[in-house]
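Should a chain be cited, it is by its letter among A, B, C, D, E and F, assigned in written order, with residues numbered from 1 in that chain.
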Amino acid sequence: MLLHLSTWSEIEQFLERSRTIVVPIGSNEQHGPTGLLGTDWLCPEIIAHQAEKSADILVAPTFNIGMAQHHLAFPGTISLRPSTFIAALGDWIRSLAGHGFERILFLNGHGGNIASIEAAFAEVYAEASFAKRRAGYALKLNNWWDLPGVVELAREQFPTGHGSHATPAEIAVTEWAFPSARKSADYAPPIAPSGPIREALEFRARFPDGRVGSNPRQATPEKGEALVMLAAQSLIKELDAFTHEPVPA
Amino acid sequence: MLLHLSTWSEIEQFLERSRTIVVPIGSNEQHGPTGLLGTDWLCPEIIAHQAEKSADILVAPTFNIGMAQHHLAFPGTISLRPSTFIAALGDWIRSLAGHGFERILFLNGHGGNIASIEAAFAEVYAEASFAKRRAGYALKLNNWWDLPGVVELAREQFPTGHGSHATPAEIAVTEWAFPSARKSADYAPPIAPSGPIREALEFRARFPDGRVGSNPRQATPEKGEALVMLAAQSLIKELDAFTHEPVPA
Amino acid sequence: MLLHLSTWSEIEQFLERSRTIVVPIGSNEQHGPTGLLGTDWLCPEIIAHQAEKSADILVAPTFNIGMAQHHLAFPGTISLRPSTFIAALGDWIRSLAGHGFERILFLNGHGGNIASIEAAFAEVYAEASFAKRRAGYALKLNNWWDLPGVVELAREQFPTGHGSHATPAEIAVTEWAFPSARKSADYAPPIAPSGPIREALEFRARFPDGRVGSNPRQATPEKGEALVMLAAQSLIKELDAFTHEPVPA
Amino acid sequence: MLLHLSTWSEIEQFLERSRTIVVPIGSNEQHGPTGLLGTDWLCPEIIAHQAEKSADILVAPTFNIGMAQHHLAFPGTISLRPSTFIAALGDWIRSLAGHGFERILFLNGHGGNIASIEAAFAEVYAEASFAKRRAGYALKLNNWWDLPGVVELAREQFPTGHGSHATPAEIAVTEWAFPSARKSADYAPPIAPSGPIREALEFRARFPDGRVGSNPRQATPEKGEALVMLAAQSLIKELDAFTHEPVPA
Amino acid sequence: MLLHLSTWSEIEQFLERSRTIVVPIGSNEQHGPTGLLGTDWLCPEIIAHQAEKSADILVAPTFNIGMAQHHLAFPGTISLRPSTFIAALGDWIRSLAGHGFERILFLNGHGGNIASIEAAFAEVYAEASFAKRRAGYALKLNNWWDLPGVVELAREQFPTGHGSHATPAEIAVTEWAFPSARKSADYAPPIAPSGPIREALEFRARFPDGRVGSNPRQATPEKGEALVMLAAQSLIKELDAFTHEPVPA
Amino acid sequence: MLLHLSTWSEIEQFLERSRTIVVPIGSNEQHGPTGLLGTDWLCPEIIAHQAEKSADILVAPTFNIGMAQHHLAFPGTISLRPSTFIAALGDWIRSLAGHGFERILFLNGHGGNIASIEAAFAEVYAEASFAKRRAGYALKLNNWWDLPGVVELAREQFPTGHGSHATPAEIAVTEWAFPSARKSADYAPPIAPSGPIREALEFRARFPDGRVGSNPRQATPEKGEALVMLAAQSLIKELDAFTHEPVPA
C-alpha cells in the first residue's frame, strides 16, 4: 500500500495486521552532468514502490529533501541544515509512532543523510531515555545500495568507476524508471576524482562537474531494472526480518 | 521542466532565461472516508505538473508534509510543528535563492499551511530586514483553489457541500489523476458538520469521519479534470504576472 | 478586571466564576507620518480596557511587540521574528492555561501578526496532539476591526482611503485615547499606494512614508470614540459567546 | 519622549540629537496578598515615564513579561522561559540597534530577570564576537532599586521587613501610581520567611502567600512618591553618564 | 569519588548513601600574559578533587567550556553562546537528576558564567513549573572564591590588585597545581584597568593584555596551596549543608 | 602544547607556525561492570596528551560529554541530545576557526558520537555553503581505534571478545593511565551479547551489565600502554598529513 493513496481508515485497518512502515528518504542535489537532481530520493522511492507491488507492505510519502549542504554550489540542489533535518524527521517519527507504528524503516538514497538520520533517531529516542520510559517503537536505517545482494550486483555491473556520488548504479535506476529523462554528456575525465567532502565551494573546486569517483556512462536502463528488482525483493525481506525481530521485555 | 528530472546544468541554463520557480506544497493528512491521505500535496503537484506540459516553467519537488497537527488523531496523518515547518521551508528558500531564483511561488494545497507559510516567509525576510539589506527575492503564496477562475468553477460544480476539508473539488482532482485509487463510502451525514479547528482529539470528537462541511460524493474524475486544466492555465498566468511584477529600486 | 492591577488571590477568585481571559496583542511599528508607533498595541488595549469598565471580564497585560519585520526600515519599529513570536506567545498561553484559563481570546491590532498568532496556536495545540491528549483550553483570534459591526462603521466613516496600514480608523482610536499625542502632516499623495509586502527595504522603497493605501487625515477623536465604544461592546459579546461555545466531549 | 506615542519621523529626529534609549523591563507575577501582579513591570515604567517629564530622554515600550517560572503556582503569573526571554530581548535589541541606538539601558523591575537579561546581552554581543566585528552598541542593566540613592531611601523608609519579593518599596510605588488599586490584607506572619528559590511548587510550599522576607503593610503612596521622584532623577543622571561614557576605539 | 574514574555500579551504590553531587564548571579563556587558558575550569576542578581526598563526596567531570564571548579576541579562548550553554547544562542536569541525584552543586570558576548558569537552572526548573509538578532536585551555584573564608584569605594575600579577571588568586591556584606551567611577564601597568565588559573587540581595546583590574605578579604556588586547602574544606561543609537543607513538603 | 596550560600569547605564537589543532572528544557513560564512566573521553585525552610529549602539536581541552542517550539507564552516564551536541561542537569550532585554526582534528573515543560529530561538521559548513563563501577551515574526525595500526594491534591482543562497547582495548588504555582505578568483576557471560542499540531502557534490557559483545577481562595495563604508544605515534602522523593536505583554490 502507498500511504498517500490510501484513506485513514485503510491505514487503521493496516495497523491491525502490521505495525511496520517503510519511508523512502533521500536528497535533491546535483548528480553530475547527466544525473537527475532527484536521483537520491527517486531511487528509494522507485525501489519501495516496486516492492509494494508484490508484498503487503506500507510505503510512506518520500522525505525528498535531505542534508546536501556540500552540493549547494550547483544549481538545483536544495538542502536542509542538519538541525532542520533532525527536527523534521523527528516530527515524521512522532507522527507515525503516534498512530501505533512500532517499526519504522527508512530506505535511504543519500550517503550524506546518514549522520543526520542517525542523529535524528537519537534525538527522538532521547525523549524516552531522559523520561525513563520505553520509546515503544524501533527505527532502522537501510541504504538501498546496502540491501543484501545489491552491492555485489553493482560491483559486478560496474567493476570500475562506481565511485561514491553520481554513481552508475543510481543513475541506472533512474534511467529505468524515467527513460525519457535520460541524459548524455562527455565526461572528462571518464572517472571523476575522489577526496574529502567539506563545504559547497570547496566541493565544487575539487569536483568540478559534481561527480565523485564515478563514471556514470556505464549506466543503462537494463542494469537499473536489475538493481531495482533485486533491491525490492531484499527490502521485502528486510521489512519482514525487522517486523519479527524480538524486542527485550 | 521538472527540477527533479533535470540536471544541474539544465537548471543553470534555465536560470539564464528565467529566475522564477514554482514549488508545490501541501500536507499528508486524513481526508475523510474516501479522500486520499496525500490529497493536499497531490493536488498542487498534479496542477503544477500539468502546467509544466504546456509552458516553459520550472517545478520544484513537492513539499509534501505540512502543518496538520489537528488531523493527528486519524491514522496516516504526518505533521510538522509550525516551528519545524518554518525551519524547513526557510532552508528550501535559502537554497533556491542562493541559486539565483528571484521569484518563488508556492502553490499550496492545504489551508492549514497558510499561517506557517506566511510565518516562514517573514522569518527569511527578517534576515534581510534585520541586516538592513535587500532580500533579493520575492515569495508568493497561491492556494490552488484561489487561482483565478477556480473557485467559480468549483462553486458551479458543487453548489452545496463543498465545505472546507475533504472537499469534492480536491477529491475530484485526485480521482482524475489516480483513477485506480478512487474510493467510495456511505457518508453520514451527507454534508459534514463545520466548526472551529483546534487540537487533534477535539477535532476528531467534532468531526468524527474527518470531513469538515463537505459532501465528497459529488466528486468525479471529469470534474477533477476540468479543475486541473483550468488551474494549470491560471497558474501559468500567475507565474508570468509574478515574473514581470515590478520591484522598486 | 485588569490582571496587572489585581492580586493573585483576586485572580484565583475570578477563576471560580470564569475561565475566560482576553489578551490585547499588537505591534510597535511605524504608522506613517502621523500615526503613533504604538498604534497597533494601543488600539486593542484601549478597546479591551474600555470593555472592562462595563463587564466582568479579565484583561491580561498587552503583548506589545509583534511581527513587524517589514517595518524595520523606519525608526522606532521593534519586531520579533516569527520564531521568537511563537515561542513567546506559547509561554504566555502555557502560563495562562496552567492557571486554569480554558478560553483565551487574543484581541489583535496588527494584520502582520495574524500568521504568527495562528502558527503559535498550532504550536501549542501540537503539544497535545502529539501527546494524544486534550489541550484543555481553546484559543481564539479576533482582530479588533473584524469585531461585529466595526468594519461597517469604519467603511461608513471612511468610504475611501481606509487602506490597510496607518488607517484612519486606527489613528482615530489613538487620537481619542491620547488627544495630546495627535499629530498632523501633509500627506502626499493623499491616498498612499498599495502593493505586496516583503522585507523592510523593499517596503520602504514601495511605501516611502510608511502608509499603505490609506488617507489618515480623515481621522478624528470623535470617530475614534465611536469605534472604541462599538468595538468594546462587540468584544464583550464575543467573549460571552466564546465562553459558552460548546466543546465536544 | 515616549516612543509609542511618537511617529517614526520624530524618532528619526531624536536620533540626530541622541543615540540613547531606556527600556523598562519587568515581570507579571504574584506579589503577595496585596501586591499587584503587574508590580515589577509597572515600577520601572512609572519611574521612566516620570523621568521623561523632566528630561529629553526616549522611553521604549515596556518589556512586561519576564522570567518568573518560580511564581507560576500563583494565578495570574505569566512567565517566559529563559530561552524565550533571550530570544525576545535579542530581537528588541537588534531592532533598536538597527535604527542607530548605540546605548540601550534596561531599567529592570524584577530580580528574577537579571540572569536572563545578562545572558541575552551576551547572546547578542556574541554575534559580533564570533564574527570578529564591533557590536556598535552598548547595553546596560539598571535595577530601579539600585539607582543611586534609592536603596538608602528604601532602607530609611523600611528599616525592617523590606525583604526581597513583594517589598514595601515596590508596592508603595504602585500605590502612588494606582491609588485606586490599593489593596489590604492581614499578613501572617507580618514578615514573610526567606529561603532559596527554585521551581514553582516548591516556592509556593516555602512561601505560602507569595511574599519573601517582606512586610508590605509599611507601604504608603507617599513613600512611593518619594521613591519614584528620587529614582526618576537618578535615572536621568544614569542615562546621561551612560551616553557620555567613552568607548575605546 | 571521582565519577569518571568510577563504574556505574559504584555510582549506584553511592546513590544509596547520598543523593548529592558536585560539578566543577568553568571556562577556557585568556587570562592575561601569564594566566593559563584553562584557569577558570582548572580552579574548581583542583578544589573539588582536593576536597574529594578527605571526604566521601562525588565529583562529576568538569564542564570546561563556558560563556566567554567577551574573550574571543584573544587566541585560545573557546566559548559557548548563552543559548548553547543553557541547552548543554540542561542536559547535564537532566542526566544527573534522572539517576536520582537530588542536590547538584555547581562549583564555578568564572564570573562570566553566573548569568548563564542561573538561566540554565531556571530553564530546567521551568519544565517542572509549567507542568505543575515538583522538580525533585535542587540546584546550587557556588563560585569557588565565594566559599566561606576564601574571599577573606584572598583579600589578606592580595590587599591590592586582586581585580576581577586574571586575578592573582586564581593564578596562584593553578601555579600550585601545575608548577611546571608557571609563566612570567612584565605587566604594564602593574595593575590592569577596570571597566564595563561587552563584546570581544571592545574588550580587547579596553583591556589590551587581557587582565581586568588585577596584578597577577603577586601569585605564588604557596598562596595557591593555602587557597585550595581552605576552599576544599569549605566546599565539603557547603555540600554537607546543602545535603541536609530541608525541602518543604 | 596543551592549550589549557598555555597563555593566549603562546597560542598566538603557535598560530604563526601551525594552523592545526587536535580536540579529544568522547563521552561519559557506563562501561560495564569494570569500565570507568570516563573511558570514552579519557582514551582520546590520554592518547593526545601522550602524542604531545614527543611532537610540537597543540591539544585543546577535552569535549568530555557526548551523545550517550542509550546509556542513560545506567547511573553516572551524562548525555547531550544530538541537537545540543551540534550546538556545542559548533561553538567550539566557531571559536577555534575565529582564531585562525584551519585544520581541526577531533580525536574521538565514542562510536555513539560519530553521527552527531558529522552532523555538527555539516551544520557549521552549511553556514558557509548557504552564504556562498569558503569556510576557511577543514574539519576531520578520527576515532582513536581507527588510527593506522591500532585496530590490527587490538585484534592481535584480543582475538575474541573485543566487542563494541566496554571493549578490552579501551579498558586497557585507562588501566594503564589510571592503574589505581583498576576494577575487577565476574563477567557473566564472559562475552556479552550483541544487538541493535536504541533507547536507554531497551538497551539495559538487552545488555544487562552494560557491555556489548565484549570480554573486558582480557585488558591489562601493559596492553593499554602498547595501544597508547602506537596510537600516539599514528596521531602525530595523521596531524601532519592533515596539515599538509592540499586544499583546492
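The working rule: a residue touches a chain if its C-beta (ideal position, glycine included) is under 8 Å from a C-beta of that chain, and two chains touch if they have at least 3 such contacts.
Fair warning: this is a prediction, and the values are worked out from it, not measured in the lab.
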Point to revise | For subunit E, the least number of touch steps when starting out from subunit B | key: 2
Check your understanding: What is the chain whose Cα centroid lies farthest from the Cα centroid of subunit B?
Key -> E
Review point. Subunit C-subunit D contact: same residues or different, taking over half shared as same?
Key: same
Review point. Through what angle, between 0 and 180°, must subunit C be rotated so its C-alpha atoms fit those of subunit F, rounded to a multiple of 5?
Key: 180
Review point. Measuring from the mean C-alpha position of subunit E to the mean C-alpha position of subunit F, what distance in angstrom results?
Key: 25
Exercise for review: Calculate how many whole Å lie between the centre of subunit B and the centre of subunit D, each centre taken as the average of the chain's C-alpha atoms.
Suggested key: 47
Review point. So what's the Cα centroid distance for subunit B and subunit C, whole Å?
Key: 29
Practice item. Would you mind listing the residues of subunit E that make contact with two or more other chains? Key: 72, 79, 81, 83, 87, 95, 98, 130, 132
Review point. Line, ring, star, complete or other: which one describes how these chains touch?
Key: other
Review point. Every touching chain pair, please?
Key: A-B, A-C, A-E, A-F, B-C, B-D, B-F, C-D, C-E, D-E, D-F, E-F
Check your understanding: What part of subunit B is in contact with subunit D in the complex they form?
Key -> 130, 132
Point to revise | subunit D residues within the subunit E interface of the complex | key: 67, 69-70, 72-73, 79, 81-83, 86-87, 112, 114-120, 122-123, 125-126, 128-130, 132-135, 138-140, 196, 198-202, 205-206, 245, 247-249
Check your understanding: Contact residues on subunit E for subunit A in the complex?
Key -> 94-95, 98
Study note, to complete from the structure: Contacts from subunit F onto subunit E in the complex sit at residues 3-12, 15, 28, 30-38, 41-42, 60-65, 72, 74-81, 83-84, 87-88, 90-92, 95-96, 98-100, 178, 181, 183, 210
